[in-house]
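In the two complexes that follow, chain A is the common piece, with chain B as its partner first and chain C second.
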Partner chain A sequence: MGAGHAHPLHLDRLSPVHRLAAEVKIVAVLLFTIVVVLTPPTEFAAFGGYALLLVPVGIAARVPLLWLLKRATIELPFVLLAVALPFLGHGTRIEWLGLSLSVDGLHGAWNIFAKGTLGVLASLLLAATTTMRDLILGLDRLRVPTVFTQIATFMLRYIDVLAGDARRMRIARLSRGYDPRFLWQVKAFAVGVGSLFLRSYERGERVYLAMVSRGYTGRLPRSAEGRAPARQWAVSAMLPVASAGIAVAAAVLA
Partner chain B sequence: MINVTDSAGQPPALHVAGLRFAYPDGREALRGVDLTLAPGERVALLGPNGAGKTTLVLHLNGILHGGGGRVEISGLPVIPRDRAAIAEIRRRVGIVFQDPDDQLFMPTVAEDVAFGPANLGLRGAELDARVDEALAAVGMSEHRDQVPHHLSFGQRRRVAVATVLAMRPEILVLDEPSSNLDPASRRELAEILETLPVTLLMVTHDLPYALELCPRSVILDAGRIAADGETTSLLADRDLMRGHRLELPFGFDPIAAAASRHP
Partner chain C sequence: MDAQAMHIANGIVDGPVSAIFVVFAVGVLAVCVSRARADLDDRLAPMAGLVAAFIFAVQMLNFQVLPGVSGHLLGGTLAVILVGPWVGALCVSTVLIVQCLLFADGGLTAIGLNITNMALLGTAAGYLLVAGLLRVLPKNPGGLGATAFIASVVSVVVASQGFVLEYALGGTTALSLPWVSGTLAGTHALIGIGEGVIAATTVMTVARVRPDLVYALRRFRKPVALEEVPA
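Presenting the complex of A and B:
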């Protein structure tokens, strides 16, 4: 199921992590992230422990480290903000290489950097091992309101159609000599966006008619029932349980 | 209630009487349409753009209504307020829309074909069997787990037909089935449509296609049925055709084409 719903963050491999049910992985990543976020930023060792926990997951999922790091660059805008904090922060300051840095700012920067990186890495591992379709089905099985999963389902189906529309409109513009170099030349592009919106709106109406014609009454049929086996829950619980253990240990030892 | 029955005592597959409809902007799309289809008949609905063809089609399963007149499907009247009856009507009337991207909205082919029968309450193995049967009927079984976007246009059109066949309809209504198809896909679709054991109403501008598939044709123009008869003789009537903005492709002779059909 879901073959072909590859997204740029998905890595098509056969691995034990890929085989886990989507809902199991979603819950594990969510709990892991919550534990990470709740940890006080001064527990430096705990963050190292969390990072070590992700290593066996990555190895089991057969996700190459370089692949993971490349995609983790999505975090960069937030890290840039974190870099500014030590310079802008208040309170006691320390000198380092001739720079005056705020201690609170340094802690704040570390907080953003450590938690952000761990969260991004865990999410990337989830995305790498789960197709979009399975993610949506997983959310559906986790009893996420159907209006969200329906919207996501339609997005999944029509994003390519929309992109195709946009691409054809762009080619048609370029073919007629459109070559915007200045801001005031973007009118044609803006009009294109507008007509893309109208087209999608009209398509929405036609899709709805087609659905009603096949007996749609407001609910998508639940495909693939069936629950993830307890063993999968137990296996994937290891990640949040271990991270919670590290958090507790850090709190006790501190 | 007037009950039109044929000699065998069976109600007609489709019976439309005095159907009228005006859009909210006041444009009158249907001005008293009468049309009766016998079970198993294959009929082409011809007419120029804006003749009301799509409006008529959307009346057949009760999506549009309220302008007067009546529609019956195998004797069951289309009453939009009656939810249980309308569900049965939508099972009996399968509409294949012109753009398969409008019809195929689920992420995979199999899920899309399962959508209709699942709305009818089918689950599990029975649902799977329906999906397999419908995909087999259009020769798309090996594509069941594919993404609709990755299929060719002709394949998507065939899957769109399957999504409707999965509901085991009594009447299959096709809106421009041959549009945007290359000649090979066009022929493949014709071969599939010819084998289906259903009543067929085909809305089309493709007159040779109408001749190939439908022994009978009706011409809808300005919201009324302007002509109803044997496809060959309608297409051969040049004045009638020209009067309703219908044109045969260059060099196409309907009589010769019909004669060459079964050598």
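Presenting the complex of A and C:
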């Protein structure tokens, strides 16, 4: 692998969703998530509708369901919190299979589980279909302050270099008879982190000098690529518009 | 990938409170950007980028704590001691935004909450302690190590209490807040101790090799005395 600008969640496919400009996808996922979070937890049907909306997106993006579900386990700690809520909540309680559960807690658990899962799935679809470089470009076109996009650009460009540095230091330790165990590894680990910082900082200084000697004045040249065509905005607007439609319909019918 | 999200997900804190914290985080980060520019000038982008990459890399280095349980460094206090509060907060925020967008760790609507807790409250508490403790403790690697340890523990616990504040304002289920606060403080104190031991050793290593790079020691640097050379 050459430049290594993929990230662990990126799925390299050729699909209509992959081809959409990043800024279009970021806005769509953000608006979808906002609609989901603002829906009252008692609108059960609405959440089913949101989940159904993600199905065509996943199919169009050619993201395997199993891949998606496996990556979605990232929210497990919050599912545990959700499971605990019915036992810890206040207010009226109901009996179910001999367990005393709080109604408020059950709603809270459902709220966290439904909104958390939908949010994670939407974010995973964005991550799977967007490369790091496109994402930064998208943020830049969305007028995110250049300080942030620049820091993020450097961060993503050098993350693999630093991870490689760390890996080589570890192999060097191992090949000199180092045997990491329990607490005694802390010293070697921390000294390694210290020298990793020194290497990164000094690399930063070298990169800066190299940039200055090539005419850097504090701004990176903007890429000349044009903005996303209106058609892409229209296509990706379907997700947030449909979810907003479901939310409104649920509110009206209730 | 068996990474587990420990950043606030969507739906735990309600919409309005999440929005308020987005506004708060944006405001504070704007201040951080202008102060960080004063520290680094046009070196800001490459230097802060490399420091952010360092934090990200450190978070990827998992080490085994107990069989089946592995942990990683959070790196907030470490960054604050090494590069100062403004650049530190910027770097941690950038890491959080990228983790949210590319790794689905932390909800998109909870980004303001996560930045407030980890990048702003945590680093602010850490840096205030560092600045205060270094006035009384010796300014050598040992004193710096003790400072780093205490500041890390407090910073991690303060960051977790930030969540309690947010939950009190906009929690979606009524829970007994002292209980939430106690549980989070307890677990995070344990995390903080591990964090503190590693941060202390790391800072001591850097202070021995390149003390000029340690931001927290900069104020105490003595100007080199110019000696008159007899003609």
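Rule of thumb we're sticking to: the second predicted complex is superposed on the first by the 246 of 254 C-alpha atoms of A that agree within 3 Å, B and C clash if a C-alpha of one lies under 4 Å from a C-alpha of the other, contacts with A are read in each partner's own complex, and residues count from 1 in each chain.
Everything below uses one rule, namely that contacts are C-beta pairs under 8 Å (C-beta built on N, C-alpha and C of every residue); 3 or more make two chains touch, one makes a residue touch a chain.
Everything numeric here is computed off the predicted structure, so don't read it as measured data.
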First (chain B), second (chain C), both or neither touched by A:L99: neither
Partner chain(s) touched by A:M155 [first = chain B, second = chain C, both, neither]: second
Which of chain B and chain C A:R133 touches, first, second, both or neither: first
If touched residues of chain A are counted for chain B and for chain C, the larger one: C
Touching partner for A:P8 - first (chain B), second (chain C), both, neither: second
Chain B versus chain C as contact partner of A:V207, first or second or both or neither: both
First, second, both or neither for A:L76, with chain B first and chain C second: second
Which of chain B and chain C A:V193 touches, first, second, both or neither: second
Chain B versus chain C as contact partner of A:P221, first or second or both or neither: first
Which superposed partner A:A234 touches (first chain B, second chain C, both, neither): neither
Residues on chain A lying within both footprints (that of chain B and that of chain C): 153-154, 156-158, 161, 203, 207, 211, 216-217, 220
Residue numbers on chain C that touch chain A, as the complex places them: 1, 3-6, 9-12, 14-15, 18, 33, 41-54, 56-58, 60-61, 63-64, 66, 73, 78, 82, 90-91, 93-95, 97-98, 100-105, 107-109, 172-176, 179, 197-206, 209-210, 213
List of chain B residues in touch with chain A within their complex: 58, 61, 63, 87, 90-91, 93-95, 97, 99, 101-108, 111, 114-116, 118-120, 145-150, 163-164, 167
Residue ranges of chain A in contact with chain B within the complex: 1-5, 133, 136, 153-154, 156-158, 160-161, 203, 206-207, 209-217, 220-221, 223
Footprint of chain C on chain A - complex, ascending: 7-10, 26, 29-30, 33-34, 36-38, 41, 71, 73-78, 81, 85, 88-91, 104-105, 107-109, 111-112, 114-116, 118-120, 122-124, 126-127, 130, 132, 135, 145, 147-148, 150-159, 161-163, 165-166, 180, 182, 185-187, 189-191, 193-198, 200-201, 203-205, 207-208, 211, 216-218, 220
